[in-house]
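What follows is a set of structures to go through.
Shared between the two complexes below is chain A, which pairs with chain B and chain C, respectively.
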Partner chain A sequence: MSILIQPFLANSFLLRALIAGMLVSISCGVVGTFIVLRGLAFIGDALAHGVLPGIAVAILLGVPGIVGAAVSAVVMIGGISFITNKSRLSSDTAIGLLFVGMLALGVVIVSRSTTFSGDLVRILFGEILGINTQSIILQAVATVVIITITIVGARPFLLLCFSPEQAQVSGFSARFYHNLMLAMIALAVIISFQTVGTMLVFGMLLAPAGAAALLAKRMKTMMIYASLIGMVSVYSGLLISYYFNLAAGSAIVLVAVVIFFAVMLIKNLQAASLRKGALSHD
Partner chain B sequence: MTEALTIHAKGLSIGYKEETVVSDINFDLAEGQSLALIGTNGSGKSTLLKTLVGLLPILQGELKVLGNTPVQSARQVAYLSQFHASSFILPLCAVDVVRMGRYAEHGLMGKLTSADDDLIHKSMQRMGILKLADKPLRDLSGGQQQRVYIAQALARNAEILVLDEPTSGLDAGAREIYQQAVADELARGACVVVATHDIQEAMDCSLTMLLARKVIAIGRGAEVITPAALLETFGITINLAQQPLGVTVVERDHCCDHPDER
Partner chain C sequence: MRNCFKTFITILLISAFLGLSACQPLAASTNTGKKTIVVTYSILGSIVKELVGDQANVIVSMPNGQDPHEWEPSVRDIETLTHADLIVQNGLGLEGGMEKALAQAQAAGVKFFTASDYITIRTVGAGEGIPSGDPDQSIGAQDPHLWTDPVAMKQIVDALAQTMKSELGLDVSANATTLDSQLDTLNQDIINEVATLPTGERKLVTGHESLGYFAQRYGFKLVGAIIPSLNTQAEASAEDMSALAKLIKDNQVKAIFTELGTPANVSQSIGTETGVKVIEITTHALPANGDYFDFMHNLAQTIVDGLK
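What follows is the complex of A and B.
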């Protein structure tokens, strides 16, 4: 039993990583539920990667990366709204354009710096084992903000997932709550990139929520399941990383993806068994 | 205009930013009256319904709903849209969907009361779906889901019901249940506007409007639903005398379909 707990008690950096990972699990579980239910995976992916130039510039200027990520996210969301409103192009095209544009800009900025290689890896894959207390406090605040907005806006968010038109005719501005949802996705990405990196945060947004969607009968339970699956992934991933000397962020996301496929397999086997039972009764 | 009128349209043009779909629409509906819209895909039925509930702007002319603009009156209007988000993934039970019908009344944080629970229960009972209350939406058949959506509209307890092809996917029994529910709504003084392909349903309404990107005819069903008007509306000849009750016009895509109506 001690091999499951001892590493966290003996190493304060691992304990901090566990706490940070739990917070990421909650924020990504809640926001990921919206991403899965509203089919916003592409914008989630684009935001996760599109924050790169902001972080790169922030690091060059000696400003916290989180500030640069926030600026990039605002540029992304504003740009997507601008293109979709001012042209006949679909939001998918707008997201794609901003996605590659921002990613390319990020790589250009990084390539101009001679001392960036270490930082780039840190940005892309996170540095969960190097997380400090200040970052954890910031993550905790952002997680509370996400949960509060989700509770207060539960009705319009639910209506939006059901039908944006129903949200509108029920007196809730579909555009406002859609943008609020995007802002929450951006916030989750911004606070999670230090932990699992911009490349892997998308996995934490999608895999636990995807698995939860297969299990839950209600949206609230889907958010709880997604958060719990994320937490199990963080805990298991950190242990695997500790004992097998693997990259922590990648191990966490890998566990989350494996859980998704395991849940899908079990659900499919269950469905097949039910079909078989029904046929044998006939 | 008269305040007692529930809906008043005069010289109304409807459509999208760059395109007028139907112009010069004129009609009045009072409490307890119903209006049926019939026409092919892209004829302007859904566009008119969306304009009535404030989802689309008025391009020209006058439209008053309960004495106000459609946007101002939106909360007093129940709307059943033709398409819904991907119900196969939404983790919702049937009762949750019907409960959403009460959100317009209570806003962001207002607490649902026992009166709301009664309305939800009665709406489900009226649509014959009480047994399905705790079933996940994704496990229901298309027809059962449609009954849930109609129950949601009934749960609004609205002064106006705007229904876009409510009987699509319903079997004969469910259609009977739906027709009874509409009759009850009209009897309590609500006003119903419905887009339909069922000519008999249109005949039963106080008014029928035939649309083909223009108003072909509007008036009492028995007067305006003629073979000539149907030919102009649908481009096919329908001999009404030979048809049993419940004629449903099989869709023939209109030459000028608007992509947003699909």
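What follows is the complex of A and C.
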């Protein structure tokens, strides 16, 4: 039993990574559930990659990466709103344009600077093993904010996810709550990129929530399951990276994705056996 | 059928759990009472090993041959760093990929010895042939490649011997004296070697600016670098390349020296365009026997022979 706990007890940096990972799991579990229920995967992915130029510029200017990421996210969401409101283009197109534009901008900025290539890898894949106490505090604050907004706006969010038409009728501004959801996705991405990186934060948003959606029907239960699956992924991923000398952030996301497929497989097999059972009872 | 599956999954999980439990627990740190000194890269590591001898365990973080500017530590490597009694690092941003890991060690309260604190730091000078207007390569940027100067290494050895005494209670003065005289001899050997090269031929074009301290010590002129930066993480641009080619022609340089991390196609194209020899040298890794002195002799020899 001790081999499952010992590395964390003996290494404070690994323990910090675990705590940060747990917080990320909760933020991504909550926000990821919205993404899965509302079909926001594309914009989630766009945000996850669109923050790259902001982070790059921030690092060049010597400003914290998070600030840059926040600015990028605002530009992105603003840009998407602008295109969808002022033209006949669908949000799909708008998202795609901003996504590729911001990503290209990020790469251009990075290639212009000669100090960058190693940093780029670290932005994309995170440095969960480099987490300090300050980052943890930031993450805790962001997680609390996300949970609070979700609880306060539970009814409108619920309606938006399950019956958008009724949302409008009930007097909630669907647009406002939609944008609020986007803002929360942005917040989750901005805070989580330090741990798993911008490339992989998307995995932490989708995989646990996706698995949870297969297991639960109610939004609240989904969020809890998603957070738990995320936490198991973080714990196992860190242990695996420790014992098998693998990259930590990627190990975590791989575990999350494997869990998703395992759940999917079990669910399908259960459904298949149910059908067989029904047939054989003629 | 459904029950079958539940059983199957349960058995799977239990066996996985048992499998994990069967794994040997981590070997506890060998508590022989010996201190553990962790050195970040191999070249400095070999000097530290010679200085310390048997009196402490010396672990080198990076495998020899890895690029010190880029190498990133694994979880276990970070564990070793955070549990060291003393970390010997180069400083001046050499260990680019280890920044966060070293910060973790600092947060864990590990003692540090930074080699660059004890030498006269070289800065990029005017007219060192850095063609681009890159702000990172501006005049005054500090050069971390201190190991190519035996006299600087001597200063580090002396300072380190004192730190061993004060921080770890180890007396390595005998080894320090031996090392000092060996480094003196090495310095003189290289001076003699370089003397065989006419002064007019002492011009260096390298993969990246890594021979600054060597050039300073032995009277070479730095004409330019293929990657106009102090580390290998940067990239060459077309503008820089043509400026470099012009510099090579103007200075009538005979050979350019490529090293770990130099993009091969770029160096080849410069070689073809200017007609100079393209010679590979090793500046960031020890030879197979791990000996610093052999490393420096090879380095000096390759440079002198290449420019004759």
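Methods note: the second predicted complex is superposed on the first by the 282 of 282 C-alpha atoms of A that agree within 3 Å, B and C clash if a C-alpha of one lies under 4 Å from a C-alpha of the other, contacts with A are read in each partner's own complex, and residues count from 1 in each chain.
To be clear about the criterion, a contact is a pair of C-beta atoms (placed from the backbone, for glycine too) under 8 Å apart; a residue touches a chain by one contact, two chains touch by 3 or more.
These numbers were taken from a predicted model, which means no experiment stands behind them.
Undergrad: Of the partners chain B and chain C, which touch A:Met76 in the superposed model: first, second, both, neither?
TA: Touch partners of A:Met76: none, neither chain B nor chain C.
Undergrad: By the touch definition at the top of the document, which applies to A:Phe162: first (chain B), second (chain C), both, or neither?
TA: first
Undergrad: Quick one: classify A:Leu269 as touching chain B (first), chain C (second), both or neither.
TA: The answer is second: A:Leu269 touches chain C but not chain B.
Undergrad: Which partner does A:Val36 contact after superposing on A: first (chain B), second (chain C), both, neither?
TA: Only chain B is touched by A:Val36; chain C is not.
Undergrad: Return first, second, both or neither, reflecting whether A:Ala211 touches chain B, chain C, both chains, or no partner chain.
TA: In the superposition, A:Ala211 contacts neither chain B nor chain C.
Undergrad: Specify the partner with more touching residues on chain A, choosing between chain B and chain C.
TA: After superposition, C is the partner touching more of chain A.
Undergrad: Using the touch definition from the top, say if A:Ile3 reaches chain B (first), chain C (second), both or neither.
TA: The answer is second: A:Ile3 touches chain C but not chain B.
Undergrad: Over in the complex, which chain A residues touch chain C? Could you list them?
TA: Per the stated touch rule, the residues are 1-4, 6-7, 10-14, 111, 113-118, 127, 129-130, 132, 238, 241-243, 245-246, 248, 266, 269-270, 273-274, 276-277.
Undergrad: Which of the residues in chain B come into contact with chain A in the complex?
TA: By the definition above, chain B touches chain A via 50, 53-55, 74-75, 77, 79, 81, 83-86, 89-93, 96-97, 100, 103-104, 107-109, 136.
Undergrad: With touch defined as at the start, can you tell me which chain A residues reach chain B in the complex?
TA: 36-39, 152-153, 155-156, 158-159, 161-163, 165-166, 168-172, 213, 216-219, 221-222
Undergrad: Give the list of chain C residues in touch with chain A in this complex.
TA: Spelled out, the residues of chain C in touch with chain A are 1-2, 5, 9, 20-21, 23, 25-26, 69-70, 74-76, 78-79, 82-83, 96-97, 99-101, 103-104, 107-108, 132, 134, 136-137, 227-229, 231, 233-235.
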